[in-house]
Each structure stands twice: as structure tokens, then as C-alpha cells.
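Both of the next two complexes hold subunit A, though its partner changes from subunit B to subunit C.
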Partner chain A sequence: MSAWFGDIYRTLFKIELAVMFQYRAAVVIWLIGLVLQPVIYLVVWLTVAETEGGRVGDFDAGSLSAYFLIMMVVNHATFSWHMWEMGYRVRSGSFNSLLVQPLHPFHRDIIQNMAYKVLSLAIVLPVTALLWWFFEPTLTPEPWMWIALGPAVALAFLVRFFFEWSLALLAFWITDTSGLNNLYMALFFFLAGRMAPISLLPSWGQAIANALPFRLMLAFPVELLMGRLTPEQVMDGFLTQILWIGLGWLTVHLVWTRASARYSAVGA
Partner chain B sequence: MRLLRLFLIYLRIGLLYELQYRANFWIQMGKSIMNLVVALAGVAVIYEHTTNLNGWVPAELVVLLGIFVLMTGVLGVVVRPSMEKLIEDVRDGNLDFTLTKPEDAQVLVSVSQVRVWQLIDVVLGPIVSIAAMLHLGRQVDLQQMGIFAITLLAGTAILYSFWLILATISFWFIRIENIFMIFHSLYDAARWPVTIYPGWLQAALTFLVPVTFAVTVPAEALIGRLTHDYLMLTIGLAVALLVISRLFWRVGLRQYAGASA
Partner chain C sequence: MTTIRCDNLTKTYTVPVRDPGLLNAAKSLFHRRTRDVEAVKDVCFELAEGEIVGFLGPNGAGKTTTLKMLSGLLQPTDGQVEVLGFKPFRRQRDFLRQITLVMGNRNQLVWDIPVADSFERNRAIYGLERPAFTETVDMLVELLDLAELLDKPVRNLSLGERMKCEVAVALLHRPRILFLDEPTLGLDVTMQRRIRTFVAEYNRTSGATVLLTSHYMADVEALCERVLVIHHGQLLFDGQLDELVQRFSPHKTIVVDLETEEADLSDYAEVVHTEGNRVTLTVPKELTAATTGRLLADLPVIDLTVEDPPIEEVIERVFTQQLQHDPDSTSDDSATP
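Then we have the complex of A and B:
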């Protein structure tokens, strides 16, 4: 069973990679958005730090740069776009071809996501290096933080993927999900640490961010690598991440059967 | 004035079309208000930590935000939908129909689509700016209003030219539907005063400068901080970009083969 699964993953990965390679320009264009936004907010916060005598909250120029550049990479590693696509798939009937395959569409999306990440890494890494050189961040992680980073990012990806895929499934009930997606993006923008490090939010904002899964999708690995978390807090984060993944898996599992039962293929 | 007449005709068609989908008004209203709330919340988080961002106090930044929303609306009513249509038409060959019409094709493609519900942003933006100006208690005299109007026009011309240049790229590379992503990400930078971006970043993202200019300069005009030099620079930039985008259009059009024939 697992060998069969591995074969499927490997083959589909090759296919998706070839497809992505066809649209190299599109891959690059998406990246511009991913890179530019963190840089804009880094510059805004650097300006704040400068007017406030070099510090803002518990950050100085070097650590702000480190935060936003690492966040940029983690965001790239964990983001997905399937919630924007699902509505189109349902409306246009292009979901049909996925449904007849003997594989949960969830896997196909994960593979597609991985193919995109692998291909775009070829650009993300040099761009990050260049920005690193420009902004001169200060970062002194201990070895255990590097080791913990891998699982933290992988789990963050899964938390985010399950959450966004559950959100995507709403497209089976609501025709136009773009409003809902925008609302999610707005919450994510503040509560996941994209707009600012969470410790710079007002205290009630921090409380909300800590209660919801958003922080674990993005800010958690960044804070980990920056040495802002104790080993206990990191373990805590891992456990909460796994908890959210379990919850996400359950949601996808329960909603999926209902969603696919509702689906009436258009254009068949 | 032919341009204006053409625009009014297309506006009427667009209005008639969209009046069929009245629920979209509320959807757009919801989106516009949410975008505004997000932007204001962002400003609020920043000013939790400082009282002035590179010389901009909170109310002044909200004035700028209002201009940003206004410009978003102006682009959203006609420029963005028309340019997206242009990119689509180049791909599927429907541009043939436009080219055979006895009117300048650039004018036609520039006003071909009108999204009236986007006018919500055109109304919402000035409300935000006026409220912030009242809060500042700043007087605006007639001359300043005149300069403000000029900078708004110049800003619109800059943004329009920028869009047109991006869209004409489709003459060379057919599949670029998501090129508007570039515009979105760059335009996002315009929420903040252009002066905060360090020189090397402005140089690295030369595209960023005109786009941010288009929003920052009208806001400065309204606040009364715009210098004569910057005013001239903005007008010059607008004229230059209009000419360059026209050139892009003319050269690009030669590449067009007409896929439908």
C-alpha cells in the first residue's frame, strides 16, 4: 500500500513539475508578490524603528530584517492557492477529471504545491541571499533551533494546508467564495505575523493570535529560529500544531464526503 | 472630447450591464469596507509604536490612504477591467473587432470595460480623506485644490500608462493573465509614502517609484506639503509615461497576428 502510494506521489510529482516548467513566467510573476510584500512591511517597520531611536518593541533594525526575511521564506514554503481554485473547479466542472482518479484530490493538490515550491526555490534562495546582503539582519540561532526548524516548517505547512483546503471545500456550498477567502487573508495578514511580528500587535491582538492556528502557520517557525522561544515553548508549539493538523484532517474527512456528494458535474 | 463621449457611451453600456447584477453592489460594498478596515488597522498597529512615520502623522497617513482607495476605484472602474480584456482579446484574437473600428484603437481598448460598482471606492476614498483632513483641521484654499486636481490627473495618467505597458507585453508573450499580479504587488507599496523606501530599493524597483508617486503626491498636495519641484516632476513623469506607453502600444500592435482569422 505504502509503496503504491510512494509510486503515485513520485509520478505525479514529475508530471506537475513538467507542467509548472511550462509556465515558468507565471511562476516568477507569483514570486514577485511573495517577495515584495514582506519587503514593504520590513521597510515600514525599519522606518518606525529609526524614528523611535533604533528600536521598536523588542526588535531592532537587525532583528526586524531577520524576522521579515525568514518570514518571507517560511511564507513561501507554507502558502497554498487551492482555496482560490476550488470555486473555479466546481463552477466549471473541471473537478470531474480529478474525481474519477482513484486518489483523493487532496493528494494531487499537495503534490502540485510541492512541485511549485521545488521549482520556485531556484529563485527564492538567490533573492533571499541578495536581500540578506542588503538588509544585514542579525541572526544567531543555536544548533537545536536549526534542527527544530525543519519539522516546524513542515508542520506549519500541513496546518495551513488543511485549514485552507477545508476553507476551499466551502466552494461546494457557496458559489462565490472570494469574499470569504479575502476575509481569511485579512485575518491571516495580522494574526499569522505577516504585517508585523506578533509581539508588536496590541496585547488583545496577541491574545487572539495565540488562541487561533494562524500563528502556527507562519510566525512560529520564524520565532523559533530567531531564538525567541524556549525549548518548552517549541515543544508546546509542535503539540498544538499536531492538534490542529488532526482537527484539520478530521474536518476534511468529514466535509469531503458531503461535499463530493453535493457535486453535480457541469459540462459532463 | 471624442474620448469623453466614447467613455460616456461605454459607461452607459457598462451601467446597463451591471444593473442586471444588483446584488454585486453589496458584495463590492462588503469588499471595499473590509479592505478599508484592514488598511486602517494596519495604520493603527504602526502608530501604536510611533507618533510619526518619516514625518507623516496618523491623520496625514489616513489622507494618503483615502487617495489610495480613490485611485484603486478609478483604476477598478475602467482601467483594470479594460486592460484585462485587452490581454484576453490578444490571446483569443478578438482584438480584430476593435482594430476594424474607425476610431483610435488605443482609446477603444482603454475604455472597453466599465465596472460601475467599483465607484464605491471612488466615493469611499474621498470620504476617508476628507474626514482625516477635518481631523487635522487643515484649511485648503482654492489654489491648493487646483494643484490637488492636477496631481490627481497626473497620478491617474501614470497608473493608466503603467497598466497599458504591462498589458501590451501580452503582444509578445501571449500567456500573461497573471501579469496583473505584478501590478497588485507593486500597487500595494503605494499605501505608504514613497519617501520611506530607501534609495537603493527605489532604484532596484524602478517600477515602484511611478506607482507610489501617483498616490503620495496628491496626498502631499492636499496636506500642503508638496514642493514646486515635485509637482513639476510628477507632471513630467505623467507626460513621459503617456508617451512611452503609446510607443509600447504602437510597437506591440505590429506583433499582433490576429488568432481568429
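Then we have the complex of A and C:
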């Protein structure tokens, strides 16, 4: 069983990578968007800091630069697009060919996501290096933080993937999910720390961000590498991430059974 | 051995109803109306292992909906369905590994990469051992003449080439059950024949059960001894193709070539068509011998043939008779996904 899954992941990964190579221009355009957004936020916050005498909350220009540049890479590693695609699959009937094969569509989506990340990291990392040189961020992490970063990002990816895949399944009930997706993205921008570091939010905003999984999808690995978390807080973060992943798995499992029962398999 | 069993299989879709116009669109925001459409109603049939059965019916009759329930894509609203001992809708891996569904316009091929890569993808998904996979690919390449196509990206293939590859990729795991929904749709005559020959050969060598829908009667005549006829979601006929012709066509067609042109044969039988010195007549089956005898005795006949009517005509007659029995029912293609 595990050998079969290993073969599937290896083979499909290579094939998805080959498909991505066919869409080089599209990949680059997507990446420009992914890079531009955090750079714009960074420039805005640097301007705010400058007018406030060099600091915003507990961030100065160097740490703001570090935050947004690390966040850019972490966001790239953890984002997924399947909630935007699911509605189309349901409406057009393109799910049909996936459902008659003995592989849960979840696996195919996760492999496709990983293939995209590997290919695009080859561009994201040099671009980050260039921006690093330009904005001169301040970052002095301890070695254990670098070690903890890998699992933190991997778990953040899984929390986000399970959460967004569960949300995507609402496409089986709601014909057009784009409004719902936009609402989710608006919450994510504020509560995951994408628009601003969570410590800059009002205290009630911070409380909401800490109670929901958003922070663990993005801000947590960034705060970890910036040395803003104690080892105890990091361990606590890992455990909460694992808890959310378990909950996400359960949700996908339960919702999938009901969602696919509603599927009307439109199209020939 | 029975491989497919349907017992009162029913699928009802709930579809929104809205009158045209902006005002009605606004009203529908507050008062949503729906109606139930019975796409498949109380369908019962069984298929034995190794059978090739044609599934016939006009657009919107319920053929594709039935195939989707049999392959596990749709959950039946009512009734029982069993394929190879599995409840299809549960979509267990062991079930999905033994069936395939080929739909004319939907594909398992990956659009942007060579065909061989799609084969490799299905090898992994179905967990096929490399030697068995290679052997199957070799067989499919030979039978479907795919050697030149394997390294071409799918998007560069013609429709016929793509369909051959679709059929091949769907059979890599050597399924025991084939659900073929319009597999020759849009193909030229040569390509249709090739697909047809291949399906017959696959059935012969593997003993697979095949349930086939097609609008091309040539497919059905060439492959299927038995047919199921469905209309408005209800099964109208289940039996041998010959029996269908016998039951629903009480007429024979007589084609006469005469030495002279413009002969009036309406005294002998109903004239269907006249072209030059060739006249096509239709006669009640029981009068065929007598009419033929009179024609040969009275007229300067060069050639005379007696034929069953084309199968298309027979099928049309089945639907017409059903409509006469059930004049209130109307087809609702749009409501049937």
C-alpha cells in the first residue's frame, strides 16, 4: 500500500512537473503577483514607520523588511488554488474522470501543488535574494530556529491545504463559490499576518487570529525564524498545527462522503 | 455469472425552475422553485460476464445517467445496483480497478504532455506491475496502431487519434467491465471500424463485459447481440437485436430493379422510394412471399431483394410506439445532466 502511494506520488509529481513546464509564462505571471503583493505591503509599512519616527509597534525598518520577505517565501510554500478550481470541476463535470480512478482527488491536488512549488521556488528564491539585498532586512536567527522552520512550514502547508480543500467542497452545495472564497481570502489577509504582522493588530484582532488556524498557516513560521517565539511557544505552535491538521483530515473525510453523494456528474 | 445487476434503479434530479425575465430572476431570489425530473425510472436488467450489450435511446433518455450510476459517479435515488458484487457508489478501490468508463468527450489523457506520459500516470494510479503494463501497452499499440502517437502531445492529435488513445489509456489496467459512452462519436468511418474491431477483440481475448451506448447503429449491429432500449428513463426493450427487429418491425423492405422506368407499383405494396428503374416497397411481413411472387410474375424484374428495415428505423418505431402509448411524456434533455 505504502509502496503504491510512493510510486503514485513519484510518478504523478514528475508528470505534473512536465505539465508545468508547458506553462512557463503562466507560472512566471503568477509569481510576479505573488512577489508584488508583499513588496507593496512592505513599502507601505516602511513609509508608515518612517512617518512614525522609524518604528511601527515592535517593528523597525529592518525587521519589517525581514517579516515581509520571509512571509513572501512562506506564503509561496503554503498557498493553494484548489478552492478556486473546485467550483469549475463540479459545474463542468470535469470531476468525472478523476472520480472513476482509484485515487482520491485530494492526493492529485496535493501532488500538483507540490510540483508547482518546486518549479516556482527556482524563481522565488533568487528573487527573494535580490529583494533581500535591496531592502537590507535585519535577521539573526539561532540554529534551532532554522531547524524548526522546515517542519513549521510543512505543517503550515498541510493546515492550509486541508482547510482550503474542505472549504472547496462547499462547491458541491453552492454553485458559485467565488464570493465565499473572496470572503475567506479577506479574513486570511488580516488574520494570517499577510497584510500586517499580527502583533500590529488590535488586541481583539490578535485574539481572533490566535483562536483560528490562519496564523498557523503563515505568520507562525515567520515569527519563528525572526526569533519572536520561545521554544515553548514553538512547540505549542507545532502541537496546535497538528491538531488542526487532524481536524482538517476529519472534515475532508466526512464532508467528502456527503459532497460526492450530491455530485450530479454533469456533462457527457 | 452475473456481473451487473440493476433492480428498480432510479435517479431523480431536482432542478431549479424559473420563468424568464428580470422580474422572475429577482423573485427567484426569495422564492426558489424546483421540480423533480426522473432521469431513470425503475430500470431492471442483468448482464452476464463477457456479454457485449448495446444501450440505445435518444438524447436525454437516461443512458448516460445509468452508466454514471453503474460506474459509481452518481448515487441512485432508489433501487439497487451491483457491479462485480460491489455497490458502485462506494467507489472502493478494488471496484474502480476493475472497471473503466470511456465517455466520448471527456478524457483521462493529460492534454499538454505526450500520450506515453498519460499511460505512465495510469500505470501508477492503478498500481500496475511493470511487466504486465508493458505487455498491455504493446498489445494496445499493436491493435490500435498507436506506435506513431505515443510521443506526441495529446493536444496535437486529431480527434480520431485522441479517441484511440483514450480507449487505450482506459484499458491499461485490463478492466473486467467496460462502460463505453459514445466511443466513436465524431469519428470517420475507418476509425469507427477500427475502434469497433478493437472492442470486439478485447472482449474476445479478455472476456470483459461491455455496455455500450452509441448513436451509430453500425456499432451496435457489429458488436451487440443483445440490446437495451431506454426512453424517458424507462426500459422499453431488453433482448436480442434480431428480436427487436421482429417485434417492432412488422414490415419488410422489397427493392426491385425493373427493365422499364416509371412503373406504378402501388397496387402491389406501399411505395417508399423510386429512383430511375429502382423501386423500394414496404410490405407487411406476412405478405412478403405473395407480393414477391406477384412482382416476379407480372413485371420485367432484373433484380429483387428482400431486407429487414434499417435498424435506425426500427429504433425510431420503438420510440414512436412508446410515445403513442404515453402521449403526455416529453423529453427533457436539458434537465438531465
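Throughout what follows, the second predicted complex is superposed on the first by the 268 of 268 C-alpha atoms of A that agree within 3 Å, B and C clash if a C-alpha of one lies under 4 Å from a C-alpha of the other, contacts with A are read in each partner's own complex, and residues count from 1 in each chain.
Basically, a residue touches a chain if its C-beta (ideal position, glycine included) is under 8 Å from a C-beta of that chain, and two chains touch if they have at least 3 such contacts.
In this text, all values refer to a predicted model and were calculated from it rather than measured experimentally.
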{"item": "Subunit B versus subunit C as contact partner of A:A196, first or second or both or neither", "value": "first"}
{"item": "Contacts of A:A186 with subunit B and subunit C, given as first, second, both or neither", "value": "first"}
{"item": "First (subunit B), second (subunit C), both or neither touched by A:Y263", "value": "second"}
{"item": "Which of subunit B and subunit C A:G93 touches, first, second, both or neither", "value": "second"}
{"item": "Which superposed partner A:E136 touches (first subunit B, second subunit C, both, neither)", "value": "neither"}
{"item": "Contacts of A:D236 with subunit B and subunit C, given as first, second, both or neither", "value": "neither"}
{"item": "Touching partner for A:D58 - first (subunit B), second (subunit C), both, neither", "value": "neither"}
{"item": "First, second, both or neither for A:I15, with subunit B first and subunit C second", "value": "second"}
{"item": "On subunit A, the residue positions that both subunit B and subunit C contact, one per complex", "value": "23"}
{"item": "Parts of subunit B lying in touch with subunit A, wherever the complex brings them together", "value": "27, 30-31, 34, 37-38, 41-42, 45-46, 48-50, 52-54, 173, 175-176, 178-179, 181-182, 184-186, 188-189, 192, 196-198, 200-201, 205"}
{"item": "Of all residues in subunit A, those that touch subunit C in their complex", "value": "4, 7-8, 10-12, 15, 18-19, 22-23, 93-94, 96-97, 99-103, 260-261, 263-268"}
{"item": "Footprint of subunit B on subunit A - complex, ascending", "value": "23, 25-26, 29-30, 32-33, 36-37, 39-40, 43-45, 47-48, 51-52, 56-57, 134, 176, 179, 182-183, 186, 189-190, 195-196, 200-202, 205"}
{"item": "Contact footprint of subunit A on subunit C as seen in their complex", "value": "13, 64, 68, 71-75, 89, 91, 93, 96-97, 99-101, 103-108, 110, 112-113, 117, 120-127, 181-182, 337"}
